[in-house]
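Taking it in order: structure first as structure tokens, then the write-up.
Each chain carries a letter (A, B, C and D) given by its place in the written order, and its residues are counted from 1.
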Amino acid sequence: MDYLIICGTNRKNSKSKKISQFYQGLLEKKGIASQLIDLAGLPDDYIASALYENAGKNASFQPFRDQMKVARKMVFVVAEYNGSFPGVLKAFIDGMEYPGTFKNKKAALIGLSSGVQGGGLALSHLTDILNYCGTHVLAQKPKLSHIEKNFVKGQFTNPFYVQLLEEQIDEFIDF
Amino acid sequence: MDYLIICGTNRKNSKSKKISQFYQGLLEKKGIASQLIDLAGLPDDYIASALYENAGKNASFQPFRDQMKVARKMVFVVAEYNGSFPGVLKAFIDGMEYPGTFKNKKAALIGLSSGVQGGGLALSHLTDILNYCGTHVLAQKPKLSHIEKNFVKGQFTNPFYVQLLEEQIDEFIDF
Amino acid sequence: MDYLIICGTNRKNSKSKKISQFYQGLLEKKGIASQLIDLAGLPDDYIASALYENAGKNASFQPFRDQMKVARKMVFVVAEYNGSFPGVLKAFIDGMEYPGTFKNKKAALIGLSSGVQGGGLALSHLTDILNYCGTHVLAQKPKLSHIEKNFVKGQFTNPFYVQLLEEQIDEFIDF
Amino acid sequence: MDYLIICGTNRKNSKSKKISQFYQGLLEKKGIASQLIDLAGLPDDYIASALYENAGKNASFQPFRDQMKVARKMVFVVAEYNGSFPGVLKAFIDGMEYPGTFKNKKAALIGLSSGVQGGGLALSHLTDILNYCGTHVLAQKPKLSHIEKNFVKGQFTNPFYVQLLEEQIDEFIDF
């Protein structure tokens, strides 16, 4: 299973989760199976039990690490929090096995926001981090703004956004 | 108490902590009292109990929020992790009261790294975030590289780095 | 004359120029006199005659350098080109006297774009550069999107944008 | 001729030029022919004659546009100026045919600096711009610091830097 979608927040029942599932459906229509990680499933004591000298020692976190390690193509669904991505997403990356998890892999990024920016800075920051870790990032990074209006009950009300995601997938398959 | 130093990692006994304490000493020499927050003191279940719908509900985290809210000048000591700042630092920011914690305040940033960069990108990302939240960032941001060699047993072996920090403090006082 | 507005493109009759003039009017209403530099006035051979070993040698560029040097508060009006600011604006900065032009000065940034982003990344990049040069940047950076629709015949059709600019000025005066 | 190296400054006899030539030699050893653009060859009146309403009208600039348009893999050699890349490099990008020049192409970036940073922020900014224009950027971006000491008379005195460049080329070939 090459493709892994990461829902980049641990907020319960997040928009990011629903958009991750929608994206999984789009991949499926193109014949691509994928798995989905939701950071809402992180252990409650993640920051105390799975980082630094404890890296790799939390058994309940190990499945996340394993999934990330075997994935070849990663899709990050990234909500804008405070002008960047959720801190939990970076903490998640900080808990990975290094450098095997990221070296010479490929990533596609999708930003979303309640406001107008669509996570533009969040995606720039995440690109810096993934590049540093050795992961190549697809140039096309859809920025989905006003997400409460544009994505309702699991579906996009804005067909242009679906088109952007489908174009991204087409390019990511060849990337 | 206007000045608050934030040790921006939850790693135990971190270099960031020791440098935060050193910085506190430098402030003291200039007659400035300050407080120090160490993210190592975050509740173990921070990401599950203090964010989003739980923001402001974790009693053991409340003192952190209160300290941040009353501070007028914040000093962030930021280790480079994976090409940016520790995810825990951003998660900490995500748990603050918004916008009262950051609006029209002042911040000074210090980067440190084991490698050569001194956290340059980390400080750029953090500047974006603080600016978004309404905090003005001092232009001078010392980037302390090869920190294991340059900071030993609580003291800098590189006098130039002490000079950079002292110059930063002089400018931060007037900022 | 402390305040200097920089129209950050050399395009003739640019939106940036008209918005710079509008901003100058807002400053004036608050009792603040300012000067305005339009990069459309750069010498045609600027990149060949005023950079590197020729820095400071182009007599027709000297007035720009002098104005920048004496300004204490700089306002940059920055159109989004190719996901950042116009290259000419950075080339302009590259031709300044260093470090006297920027050290310990203050800047306010305004972004504008035909598209939806309002120059978010442009302002982030420019903040990095100004901070590097020693200039403190005001946190509040209005991002004005869909500028062709929102600014017509020298006036904003979107009153919220005027409010953002006025709030920025109030904060910049105290910065 | 798929590979094109862009010497990203118009400074005469620049280090960037010499490193571009060295890089061309490394490519050649691996059996890859390449062309080299030196921005020192830009028309003196480039900013007045080749941008905006004049885009595509300057006959002496046309060969640059043609080379960029047909290249499939671009190598940018980027000196750090004022905390980012040279403004002239962005002005060069602003003069390209859009979006044909950049859409779905590949780029490799090399940073260099007199100081310690090696152009880290310059490469981050350029990645944002190239991604915006549709060009995928290789994750591995060597940052070559203290370049006056590490690169002398057309050769690297620091063998680690040669190794970094060779590794980059190996990855770029497969990218």
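Simple rule for what comes next: a contact is a pair of C-beta atoms (placed from the backbone, for glycine too) under 8 Å apart; a residue touches a chain by one contact, two chains touch by 3 or more.
Note that the coordinates shown come from a computational prediction; the quantities given were computed from them, not determined experimentally.
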Taking contacts as defined above, which has more of them, C-D or A-D? C-D
Taking each chain's centre as the mean position of its Cα atoms, how many Å separate subunit A from subunit D? 30
Measure off the straight-line distance from the CA centroid of subunit A to the CA centroid of subunit C, and report it in whole Å. 36
So how far apart, in whole Å, are subunit C and subunit D when each is placed at the average of its C-alpha atoms? 27
Residues of subunit D whose C-beta touches two or more other chains: 121, 124, 128, 131-133
With chains as vertices joined when they touch, what's the shape: line, ring, star, complete or other? complete
Taking the complex as given, what residues does subunit C use to touch subunit D? 10-12, 42, 44-49, 51-53, 81-94, 98, 121, 125, 128-129, 131-133
Any idea which subunit C residues touch subunit A in the complex? 116-118, 120-121, 124, 143, 145
Of all residues in subunit C, those that touch subunit B in their complex: 104, 124, 127-128, 130-141, 171, 175
